[in-house]
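Paired with subunit B in one complex and with subunit C in the other, subunit A is shared by the two complexes that follow.
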Partner chain A sequence: MFETLKEILVSKLKVSPEQVTPEATKEDVELDSLAVVELSLVLEKELGVEISDDELLDAETIGDMARLIEERSARV
Partner chain B sequence: MAGIDVAVTGLGLVTPAGIGTAASWAAVRAGRPTAALDPALEGNPVRISCRVPDWDPGQLLGGRRAHRLDRFTQFALVAAREAIADAGLDPQTWDGARVGVVLGCADGGPGTVEAQHRVLVEESPSRVSPLLLPMQLPNMLAGQTAIEFGATGPNLVVATACASGATAIGTARDLLLLDRCDVVVAGGSEAMITPLVMAGFAQMGALSRREDDPATASRPFDLDRDGFVAGEGAGVLILERAADARARGARIRARIAGYGATADAHHMTSPHPQGLGVERAVRTALADAGAGVGDVQHVNAHGTATPLNDLAEARMLRRTLTGDPLVTSTKGVTGHLLGAAGAIEAVFTVLSIEQQLVPPTANLHTLDPEVEIKVATEETGTRIELALSTSLGFGGQNAVLAVAAP
Partner chain C sequence: MTAGPPPGRAAVIVGVGSYVPPDLVTNGDLVTRLDTSDEWIRSRTGIATRHMVAPGTATSDLAVEAGRRALKSADDSQVDAVVLATTTPDHPCPATAPAVAARLGLGGVAAFDVSAVCTGFLYGLATASGLIAAGVAERVLLIAADAFTTIIDPGDRTTAVIFADGAGAVVLRAGEADEPGAVGPIVLGSDGDNAELITVPGGGSRHRSARQEPKPGDEYFQMAGRATYRHAVERMTEASRQAVGTAGWELSQLDRFAAHQANARILQAVADRLEIPAERRLSNIERVGNTGAASIPLLLAQAAERGELRPGHRVLLTAFGGGLAWGATTITWPDLGH
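Let's look at the complex of A and B:
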């Protein structure tokens, strides 16, 4: 799931690929509250996974975010 | 305020004639038109536009930054970066609190609005981007410029339609005269060549319909002119008090010696047929510059190539200025950059003074016999101590800059 999330961050939100590591924080990849809403919309549209921006904001790192998406998509 | 001079120390351009001042000025001097059929306007009643060539915002601004900016803001940041460097200023070390930003635009980011409106209608309101407003709001032009360059002084966007760029420069000069700041990043930017906006202009009958020969569609002061061609881009000037500029050893490229701003109070779109409003703006700008009606050698006219504008403006210039100045409209090359027009034309006026030449009015083949002024049809070397740049906006707003040699 990390690779899928990375692909979305790079292709849709135009984050530099070298910045996206499992340990990177939201601040490291410059994901502010607007970008997190944007990400939530893209996840729903591309993966059919509904995760609110608040839930995404609770994830500390990109790796945490990927795990959250994985759990949620397993439930679908 | 008498005795305080405002200097232009830096120039930056993004225009249909090229990215950068050098490329844009070269095309203007050569009289090389930029109008062409625009694939993005397929299906529109008028498909002619002047686009910025080879625009790659990701390469110029970084992908992440560009992704969160509407096109009109992207243009402004690139032009501002050039102007700041040209002025020899360094945003890493300047006192940002004394740096103001005054930029103009007519419409903000309609491209973003139209794209998100499609999402609203075709998908769902809950799919609309959270970036819709931060991208399209007109004031983001100045806000994003502040963020990019750490300019934390006075910060505003002015809207006087097609006079916005000139209004911004005049307002920036006022801020310097009042000592509100020491440096102003001033100018205008526009990116409103979208299907909806262009359909609106077409319905007004404002656009040239010369689709069989689009390169010649923008023909200011020509007998066969039939409307304007919309362009896009940005013009930015760095303004400082001349004494400050001299003290830091900056190159003073010209002075903004006077500014006149008036309203026609006549009609929502048509200029006053005799150009009474813009005449008062010319007289105000000249008085502000301490100059007379016979002291002007050159006018970079608004000259949109609409039948009404060019006639009203020519009558006004004929009636008001006694020195038989050499007039040009650079819109023959660039098209009409709307809220950026006054800014890019102020840059061209500075360059005309610096190089003592008037660029040609492209596509002017047969001067309208009712246009009884001297209009340049080829590049003409001439002495220019004082020049005017005139701008008129829908709504009857007029802004005139008097630009003087240093």
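Let's look at the complex of A and C:
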């Protein structure tokens, strides 16, 4: 799931690929609050996974976000 | 609403004008009193400067100037109706449009306000088109004006950096649906279940009838930024697809995308979803900020003046704002002799 999330961050949110590591924080990849909303919309459209921007903002790192997406898609 | 007008009763744009008050506020000016930075404002909103009314200047003052310029552009000083779209009327009662009509020397004509916040111009276009289609008016002056900074908490960094003052206007006359300048099919929608996302809580009958002390800040505009982004992107994208489809156009045929200048990030997200190339996106948000209802006609007038919007261009208009309310329509830009 980390690779899928990385692909979305790079292609849809214009994050540079070398910045995206599991340990990177939202600040490290310059993902501000509006970008997190955009990510939530893209996840819903591309993966059919509903995760609110509040939940994504609670995730500390990109790795945490990937785990959240994985858990949520397993439940669908 | 998708039905076309009866023959000879489409609303056709024959004049356009705009006005912004002279006082310019830069990001540097705001940074001195708000906990923010030029970089933060630019990256979140795309705004560098905005205009603000001087003390004592009201919405009608902006509306009169934009209206005068639109009438001049139409080479015609007579209309049968004045419709004013505004979020910030001069007074809670009466409507502001009659005073604007009188000051423009149009006294006696039908005049009223339309309240649809940032979608006011599109709701106003539908209203003006309806007056013309029904035969109530042959010519309508539609003005959209907001002294938006008058409802903004100067200490709220999430709204004070975005909202600004300005006015735009068009003159519409009865004509044919297939001529340049004819307003295309108009898509409108609303979602009152989410009214609290964009609101000035106080000052209306809800609070006045309760006869309680208002909460601090209730007199000011409040916006839930992240939820607004989500709804704005989804609603404008959907309304745009509907309007373009109903007009019988393809998105790829659009020459210009003229969206309510809400926030550069929202505009980019909508235009990306519609796959509109960057060079076809009109924008003045960097210079004028978010001017509420005035945003679209101010953008059209300035783009036409700068030569970025030219006769024959197929233009998509779309807006989203408080209500929630949203809309979209299409226009083939007319030759207004600029």
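We take it that the second predicted complex is superposed on the first by the 76 of 76 C-alpha atoms of A that agree within 3 Å, B and C clash if a C-alpha of one lies under 4 Å from a C-alpha of the other, contacts with A are read in each partner's own complex, and residues count from 1 in each chain.
What we mean here is this: a contact is a pair of C-beta atoms (placed from the backbone, for glycine too) under 8 Å apart; a residue touches a chain by one contact, two chains touch by 3 or more.
Please read all numbers here as calculations on a predicted model, not as lab measurements.
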{"item": "Joint occupancy of subunit A by subunit B and subunit C, clash or fit", "value": "clash"}
{"item": "First, second, both or neither for A:Asp64, with subunit B first and subunit C second", "value": "neither"}
{"item": "First, second, both or neither for A:Lys14, with subunit B first and subunit C second", "value": "first"}
{"item": "First, second, both or neither for A:Asp28, with subunit B first and subunit C second", "value": "neither"}
{"item": "Which superposed partner A:Glu55 touches (first subunit B, second subunit C, both, neither)", "value": "neither"}
{"item": "Which superposed partner A:Glu38 touches (first subunit B, second subunit C, both, neither)", "value": "both"}
{"item": "Residues of subunit A at both interfaces, subunit B in one complex, subunit C in the other", "value": "34, 37-38, 41"}
{"item": "Subunit C partner contacts - residues on subunit A that touch it in the complex", "value": "32-34, 36-38, 40-41, 53"}
{"item": "Complex interface listing, subunit A residues touching subunit B", "value": "13-16, 30, 34, 37-38, 41, 45"}
{"item": "Contact footprint of subunit A on subunit C as seen in their complex", "value": "43-44, 225-226, 229-230, 233-234, 263, 265, 269"}
{"item": "Subunit B to subunit A touching residues, read off their complex", "value": "58, 63-64, 66-68, 126-127, 129-131, 134"}
